[in-house]
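Handing you this structure, nothing more for now.
Order as written gives the chain letters A, B, C and D; numbering starts at 1 within each chain.
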Amino acid sequence: MDTALLVEKSILILILFALSLGIAAYQTYFERKVAAWMQDRIGPNNAGPFGLLQPLADGGKLFFKEDFVPANADKFLFMIAPGIAMTVSLLTSVVIPWGPDIVAFGRTISLQVTDINIGILFIMGITSIGVYGIMIGGWASNNKYSLYSAIRASSQMISYELAMGLSVITVVLMGGSLSLREIVEAQHGFNWNIWYQPVGFIVFFVCSVAECNRAPFDMAECESELITGYHTEYGAMKMGFFLFAEYVNLFIASTVISCLYLGGYNFPGMDYFEGNLLSVISILVLFTKIVLVIFTFMWIRWTLPRFRYDQLMGLGWKKLIPIALINMVITAVVIAFTRGWFN
Amino acid sequence: MEDIRKYDNPIFKATRDTIEGEIATLNLGPTHPATHGIFQNVLKVDGEIILSSEQTVGYIHRAFEKLAERRPFNQITPITDRLNYCSSPINNIGWHLTVEKLIGAEMPKRVDYMRIIIMELARIADHLVCTSVIGVDAGALTGFTWVFQLREKIYELYEEISGSRLTTNIGRIGGFERDFTPGFHKKLQDFIKTFPKAFEEYDSLLARNRIFMDRTIGAGPISAERALEYSFTGPNLRAAGIDYDVRVMEPYCSYDDFEFDIPVGKDGDTYDRFMVRQEEIRQSFKLIKQAYENLPEGKYHADVPTFYLPPKAEVYNNMEALIYHFKIVMGEAPIPAGEVYNCVEGGNGELGYYLISDGGRTPYRLQFRRPCFIYYQAYPEMITGQSISDAVLAMSSMNVIAGELDA
Amino acid sequence: MSRSKITNEELLNHLQTAFGEDIQEHNETYGMLNVYVPADKAKEVVKWLKEHEAVKMSFLTNIAAVHYPFNKGKEIEVVYQLHSLVNNVRLRVKTTLPIENPEIASIVDIYAGANWMERETYDFFGVIFKGHPNLKKILNMEDQEYFPMRKEFPLEDQTREDKDNRFFGR
Amino acid sequence: MESLSNRKKEVSNKEMTFLESIYLPAVFSGMSKTLKHAFRKPVTIRYPDEQREFAPVYRGMHVLKRDEQGRENCTACGLCAVACPAEAITMTAAERKKGEEHLYREEKYASSYEINMLRCIFCGLCEEACPKEAVFLTDRIVPTNFERDTFVYGKDKLVEDVDNRVDITKRQNTGKRGNK
């Protein structure tokens, strides 16, 4: 195996790891700021300039809290649940193409940890494992509210993954590949999927809100009913892990939305640039899109009331899945016609 | 720890039964984010569906009725503050009206109008908190913070006239302790100018949003007949479709000088209660506007020197005034013996004071008819067969306030 | 001032024709009619008032009890305040009970809302409502053995000096 | 049941129009409103740094006033203690001795005057009861502490400083037409 490749990938992995955690930490800050703006407040402002050191302070606080296991909890599962949640959410970022190739040190470096040809399936698969973190955590706490949360979270994840998968199929049809890199490449310039698949985009977006367990689909948490649900009994860094996992998930979901529908690192007028300059701009463009999508997630959270559990399931099964199915069929037929498969 | 895991330990047995059986016991309260205040509901649930519920109240019982038997009449006002603390001016003024009915004092029009302004402000504050908390329990926090800006303005108005914000102790037997201050006039004019726009913005955030409508329609309904059986009053009764309002049925404080409607709902569910309260806020605002525009000139207190403290300047110079001053403060004012029931339309409904005076320094018996206490007992009936999420919303839309519940 | 569609005299006439001698006494305080009935008739009167098609006294405002320690044999007075929403008239039905045996029939089967009102009355005065489905203390502790609103339990003496000011004030 | 007041107004409309039933218009209109708020000036006050202006009649920590010559006004009549619904005020009266005329205005004075701030409910009845213009509530706030007994405020904390007077003229005059 090529040593340079190993070094290159290791560095990329490290960067991604740090980046995910850093972005997750700063999302907590951003979320609080967004909430504050919408509620005519100031938000965190005392730790550092504009309160920018707030996430560090929070993290530090979480580290030094008493680590506490309830008496009747299943200790082993109680311990590993946050770990599962965290690991799984960090795994997803490996298949995401962060930008076009960079040429450095005489090598062409791909800004993707691995370009497996079933990238999308990988993401869907890994995120569905993510529910185990919540489920095990909720069950092991031996708290009825946590148990409710676990039940709600698992059924919600399963049902929304269906609609999500169906809407992804349309994107796959258009890109003609399951590899994220190829899907992104197919949206060159301003040729983004969202223009062709607005319905699919909305379905996918709604499903990712649900998959991330965020309002208005935060059935697993809903503090007014289940007292923050599966992490009621958690404290210290174990709870921190859950929170981090949630925000990493949010980051990854935004990235996937950007890649699948918003053109990934593509932007109009990208043909005027080339080489490393193009790569740098592309990365910046991708991150701008991610930030905007994250903002939208938060914007929605601080605007809408949440669904009731049965209404949520109804929406998933009776509305989103049929819409996604019809959308898929229409897309397939149109693509078949335009590409002349019937001739 | 070993002990608790033994099967015959009742705690553990309850847990085991819950896990292994079909029906679980779920403890909603005493401290749960949805019980705004301290009271407990022990629910029996099958999955998410509530089969039955048992309530425990009395966590903050402060023996107000007993306490009132030891306090002179003017010292009971601060006690009433703490009944429904979301709208304490209504409680205060309701108590003053009761004593005034007992002593037969006639109020000048200006006092009536001032009282209406203060009471309707309090009603707005009370309803705003209630409706926005429905939003909070449904997961929409932003409206709540917007509404609190409006409530803050109302609290500043209280502060301008009484000096306090939450437990106002506003007004005195026989009128007000002071006239509307210049600061009050300024802030009230500003309030009248800015309130409708801000309120409608908040209203449009929730009222016609499908998610909110789906959540609230059908949650915790009660029919008009059952509501009457349970002696419901106020917005909760009106949500069931009965337009009973003390302000119209037995007008006090010159309420019959004003034009306002009584909003009613249809099925008595959470959405009806929300909409009725929202409309009542608009009607209250209309009342404030009318009362403020027609505020008559005159004195800010009635001419009852034996019950209303004389101005300080006279106390220093006038013997008679000094004697009255001492008598009133010592609680030796000549209160007649008698039996009075007086009620006002509080934030939650008919707030009644059943007062028996034996002519002594203190009431012989004072009972508060606390609307919360009376309608909260219907809660199990309202939520049976509904899901936990509905129960939470039904509770916040009933506006159960622990201070009023437990007295 | 009065907006009632039925006057207190008419109300009293209705009651007297229906119950005759059972209306032991009546008076009017501040525009509200009080009628005194024997304890064993109270429930019947309340039920009759609710069902009578002209009176329509179908709203229970509250139930209160008062303790008069010097009225021998009728120390506890139970007061039902009723309200006819349609006729907009109020009425107090009063009945007296001896303190040794304060028993009266529960009206929970007539008014569901009487449930907690009766529990509260029991809690404070010890009035036993026969036929009540769940007559337990409501606001006070369940194991409290006395009934605190009775006059023999005064609030503590305000002149006592053995208390620590840090915790109790005077 | 028929209308009791003839002012009935039915307000709750549970029928959804098609636009309302597809979620999105309400979602977008709600989001536009929250976004508008995002660009508004925050209304909160950064508390310890900035302080809100109190109303002139605010009921905060008490002060025991001195007169123009620096003598204590209080004559220990006990009216405030009687008027206090929370029973928070205690005092001991003492007779003024010769040579103390510059300290106390009347022949009787309070040798000790204590307000238990944990009991006090700041209702303002003591201020109203005082016939000597001695006790007033002010717009100062009782500071927090960890020890219960530090909340029993004696004369050392309540009586105003001779050189550093507490201004209460505003609360005396606001809204009181009958007053001087």
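The criterion applied here is as follows: a residue touches a chain if its C-beta (ideal position, glycine included) is under 8 Å from a C-beta of that chain, and two chains touch if they have at least 3 such contacts.
Model, not experiment: these values are computed from the prediction.
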Contact-richer chain pair (by C-beta pairs counted) among B-C and B-D: B-D
Farthest chain (mean CA position) relative to chain C: A
Per-chain CA centroid nearest to the all-protein CA mean: B
Approximate Å spacing (C-alpha centroids) for the pair chain B, chain C: 24
Chain B and chain D, separation of their C-alpha mean positions in angstrom: 22
Length of the line joining the C-alpha centres of chain A and chain B, rounded to whole Å: 45
Mean-CA-position distance for chain C and chain A (Å): 63
Contacts with 2+ other chains: residues of chain C: 85, 88, 158
Numbers and ranges of chain B residues touching at least 2 other chains: 142, 146, 149, 205, 209, 211, 242, 244, 249
Sites on chain D at which at least two other chains make contact: 1, 4, 27, 30, 33-34, 37, 43, 86
Touching pairs - complete list by chain label: A-B, A-D, B-C, B-D, C-D
Of chain D, residues touching chain B in the complex: 1, 3-5, 7-12, 14, 16, 20-23, 26-27, 29-30, 33-34, 37, 43, 54-59, 79, 82-83, 85-86, 121-125, 128-129, 131, 133, 137, 171-172, 174-180
Residue ranges of chain B touching chain C (in the complex, touch as defined): 57-58, 61, 63, 65-67, 69-70, 101-102, 226, 228-232, 242, 244, 249-250, 338-341, 343, 350, 352, 354, 356, 364-365, 367, 369, 373-378, 406-407
Residue ranges of chain C touching chain B (in the complex, touch as defined): 3, 29-30, 32, 34, 58-62, 64, 66-67, 79, 81, 85, 88, 90, 92, 111-117, 120, 124, 138-140, 148-149, 153-155, 158
Complex interface listing, chain A residues touching chain B: 35, 38-41, 71-72, 142, 144-145, 148, 215-216, 218, 222-225, 227, 302-311
Residue ranges of chain D in contact with chain C within the complex: 1-2, 4, 81, 86-90, 114, 116, 119, 148-149, 151-152
